[in-house]
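Below you'll find the structures, each written out as structure tokens.
Okay, so chain A shows up in both of these, paired with chain B first and chain C after.
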Partner chain A sequence: MHAVFRPPVNWRHRRFRYKLVVWRCLNCGAVHHYATSICRRCRSNRIDEDKLPDRARLITYTVVKNPPIAFEKQAPYIVGLVEFEDGTKLVAGITDCDPEELKPGTELERVVRKIAEDGESGLIVYGYKFRPAITRGR
Partner chain B sequence: MPRLSGVAVHGYGAYIPMFRIKASEIARVWGMPDSELPVLEKSVNSLDEDTVTIAAEAASYAIARAGIDPDRIGAVYVGSESHPYAVKPTGTIVADVLGVNSRLLSADLEFACKAGTEAVELVSGLVASGMIEYGLAIGADTAQGRPRDALEYTAAAGGVALLIGKSSEGAIAELEYAASYVTDTPDFWRRNHERYPVHGSRFTGVPAYFHHIISAAKMVVEDGYSLGEFDYIVFHQPNTKFPYAAAKMLGIPAKKIEPGVVCNLIGNTYAASSMMGLAKVLDQSKPGESILLVSYGSGAGSDAFVFRVKEGILEKRGRAPLVSELIERRRYVDYALYLKARGKIRE
Partner chain C sequence: MRKVYIVGASLLKVDEQWGHSIDSLVSQVVDGLAEVRPWKIDSIYVANALGEILQNQANLGAIVAEDIGLAGVPALRVEAGGASGAAALVSGYQAILSGLADTVLVIGVEKLSDATPEEAVFLPSLSERYDLVGFQGVTESALAAMMYRMYLERYELPQEMVAQFPVIMHEHASRAPHAQYQFKTTLDNVLSSPVVSPPLRRLETTAPADGAAALILSSSDALPTIQHEQVVELAGAASSTDIVFPFDREDPLKLSAATRAFFEALARAGLSREQVKVLEIHDSYSILANLILESIGYSEEGASGVDAKNGMFDYGGKVVINAFGGLKARGHPLGATGVYQAAEIFLQLTGRAGACQVDGAKYGAMISLSGLGSAAYALVMKEG
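Moving on to the complex of A and B:
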């Protein structure tokens, strides 16, 4: 089997992808998407577990019409750059809307969606996406 | 008498994907007259939604309403006929997405359209026995309908979760009765590795749906209730006609059925179908009112429950989207986009 999504990598990132848990370097500010005891950028061992908020604002987006392997059937789809209240930025899939509805500053909320399937027999990968907020901050 | 004591619903949550296809659009493609279609329109999951994501979103709303720490949840059961994996539980993914502690009971349930209420039976038993403090019972589906088949008009997508725990101040509803009635009835099935189910057409009516719904409702009466005492009655709704017809056979006025009927606007959400009716009723009920819920799953069986609404509904209802809001949030797709969204376009 020639897997596009390798189970160990996928498993290691699951807390980040399901709940936006990150490991932040207290020395240089680098954000890691998996548990680590040493910063990959500055080698500091001052790492703090943190969770990014469930709401963010859109900075900008693009529409992918020529997708990579395992994403072909989803085209066209929206990929956005979003910013959290604390200034952390993240690239994320944007769902449940058309591009025309989006503009810089649109309020978004996190959902967990199917990101891609590894063919008919491989892993199904789930993770965060953002959609225009419907829960009105409840 | 299968009465429960000390078991209550602390949170409930529904989720309906935003896409809809009109039954008349399906009829147009197959050259069928658009009079007497079983529903007006049905919900359609988008390409990035499946039973896992739908179950997780419904459950997140149930947790939001209950206002409890997910770590106190001791069981996550997901009933569905469209689990994404043939082998690998939906429940463990849903639990991880929700942030539930790993000290957990979890399994996937299957019983056609009553797989969700089967989870309610199990979780309420675990709570009553003291094995767990809280448990999530979820029914979620992205139901399969073969192109041109009668089920294509109704097979829909949606999910409902109930967060059940010991009775306490602030509960949404007491669950005071739970029972089940099953027989071996071949009205609908899907064999291994098959993409679409097969059904017995008219055989799905009298010996299947009506026999089990009515038998379960009569069981509730035998156990000491009278159908007249319930403020709301919710039956499984595979189409708009069946729940009203069952009510008529039982002498129940249509106005007790009406508040829980959602099928006409979202179709049959299978394992979530009767639970969606319950969620819609909870959205509008008042403390002190009583609800009879009777599900139906092909193969075949019905679960019957009696809920008594408590004060907690007033405070907790507004913490998550109402079923009516989820129905309002909709976008229509034509048949081509429907085929794409449902992964029916094969290379």
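Moving on to the complex of A and C:
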């Protein structure tokens, strides 16, 4: 199996993965996780950098019991569908809790965590995950 | 007007074929088309999803053409995830209707048993956006599980309304000699099988499978020159795409690519949905059976489970779905699956479906999905 994580890819996505920096369409509001000059929804070329909020709400979740490559040591782990105030939705690892603590609507906050290790000698990659909110405010 | 016919079909038992490579599966399956003569093929489409990863083998157009003694014939590989086979068929249909080809060979081949268990989870997930989904450790099964949970909650249904579909599929596959899993199962078995991602259970998903299937398509012009037994008209084919991340769609429980592809293919064939008596659907996860049947209008939203329980999709019902067991029980050799679906409809419409025969079926249709509905391919066939 080839490498799952590659240095140029990790570098390219660093601001999205660590801070949720996105490219937002100024015409329709659609969010892109990659640098773009044309909106994937309305084809407008009015795009500007933006940052998703640090808080989101849980819509639904599940648990991955059969892990993919690079996540072998983590299973079982929780993954959830989260929604930000502006309606943007992402799936992400949900951390620092047990499944029983979660329900639709649970308020979450973004944290940066280790995502996975690519084998013994590959990259260790970091990125956003969410946990039930423990700090104050939005 | 120029028409497209299927003049021959061949398929291998879906299985873990440890002793066979892509090349040997292809040569075996093409051997099954020996009754169709002469072997004058204008173009070859090879459907495969993962050859460059699992067998370190890309460029399957040229490789397969040589394997079957047709080096020199134009050939290319088609990849559209789990719908690669159907995408290759749509391409072959278009090549014939364009007038540039009279005879097209479509081969679907996949060898998933070469994968480790972790690869078997990882690789099918590649149809989803890796940077958003796979990177977070979210598997395709996990996305399907969240759609499943949303479905049960929205329509306030017990899990049985989804989990019964695998029971139907295994019942059908128990009569299909080429099916991977020919055992019957019960709702209790499905609901007590290991959890993959709650609420999704092991028996609601597919397992690594190897397989190959092949069809020969002919134009109406070339048909008189070809020796064949029975033919089926490929009367309509269409495809569509959708937003890739299911939860970015207006409604994650509506497979609108499937809706568009299916009705466009039916319209091309000049048929109504009610005339279709055999239907192959893409049930790589149990929940997709519900969502497809509701998206193509066989059931009201949230009602496919009740309809299935009432026998609407079984022998004697409105339409028989997955008469040979579907992806669940016939098996899901990823890139080959769409070609299996088409070959199975060919067997039905030529009366060669054996114990799986749906009596009196004159029209059949299939729907094949990439990922969780980001692309859909539909084909409609008529008795020849």
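In this text, the second predicted complex is superposed on the first by the 124 of 138 C-alpha atoms of A that agree within 3 Å, B and C clash if a C-alpha of one lies under 4 Å from a C-alpha of the other, contacts with A are read in each partner's own complex, and residues count from 1 in each chain.
What we mean here is this: contacts are C-beta pairs under 8 Å (C-beta built on N, C-alpha and C of every residue); 3 or more make two chains touch, one makes a residue touch a chain.
Quick caveat, the model's predicted, so the values are computed rather than measured.
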| item | value |
| --- | --- |
| Partner chain in contact with A:His32 - chain B first, chain C second, else both or neither | neither |
| Contacts of A:Tyr18 with chain B and chain C, given as first, second, both or neither | first |
| Touching partner for A:Gln74 - first (chain B), second (chain C), both, neither | both |
| Touched partner set for A:Arg113, first chain B, second chain C, both or neither | first |
| Chain B versus chain C as contact partner of A:Arg55, first or second or both or neither | neither |
| Chain B versus chain C as contact partner of A:Ile134, first or second or both or neither | first |
| Partner chain(s) touched by A:Asn66 [first = chain B, second = chain C, both, neither] | second |
| Touched partner set for A:Gly93, first chain B, second chain C, both or neither | both |
| Residues on chain A lying within both footprints (that of chain B and that of chain C) | 74, 93, 115, 129 |
| In the complex, chain C residues that touch chain A | 53, 116-119, 121-122, 125, 131-139, 141-143, 145-146, 149-150, 153, 194-198, 200, 245, 247-248 |
| Residues of chain A defined as touching chain B within the complex | 14, 18-19, 73-74, 93, 95-96, 111-115, 124, 126, 129, 134-135, 138 |
| Of chain B, residues touching chain A in the complex | 18, 46-50, 52-53, 56-57, 64, 84-85, 93, 96-97, 99, 318-321, 325, 329, 340, 343, 345 |
| Chain A residues within the chain C interface of the complex | 1-2, 4, 13, 16-17, 33-34, 59-72, 74, 77, 79, 81, 89-93, 115-116, 125, 127, 129 |
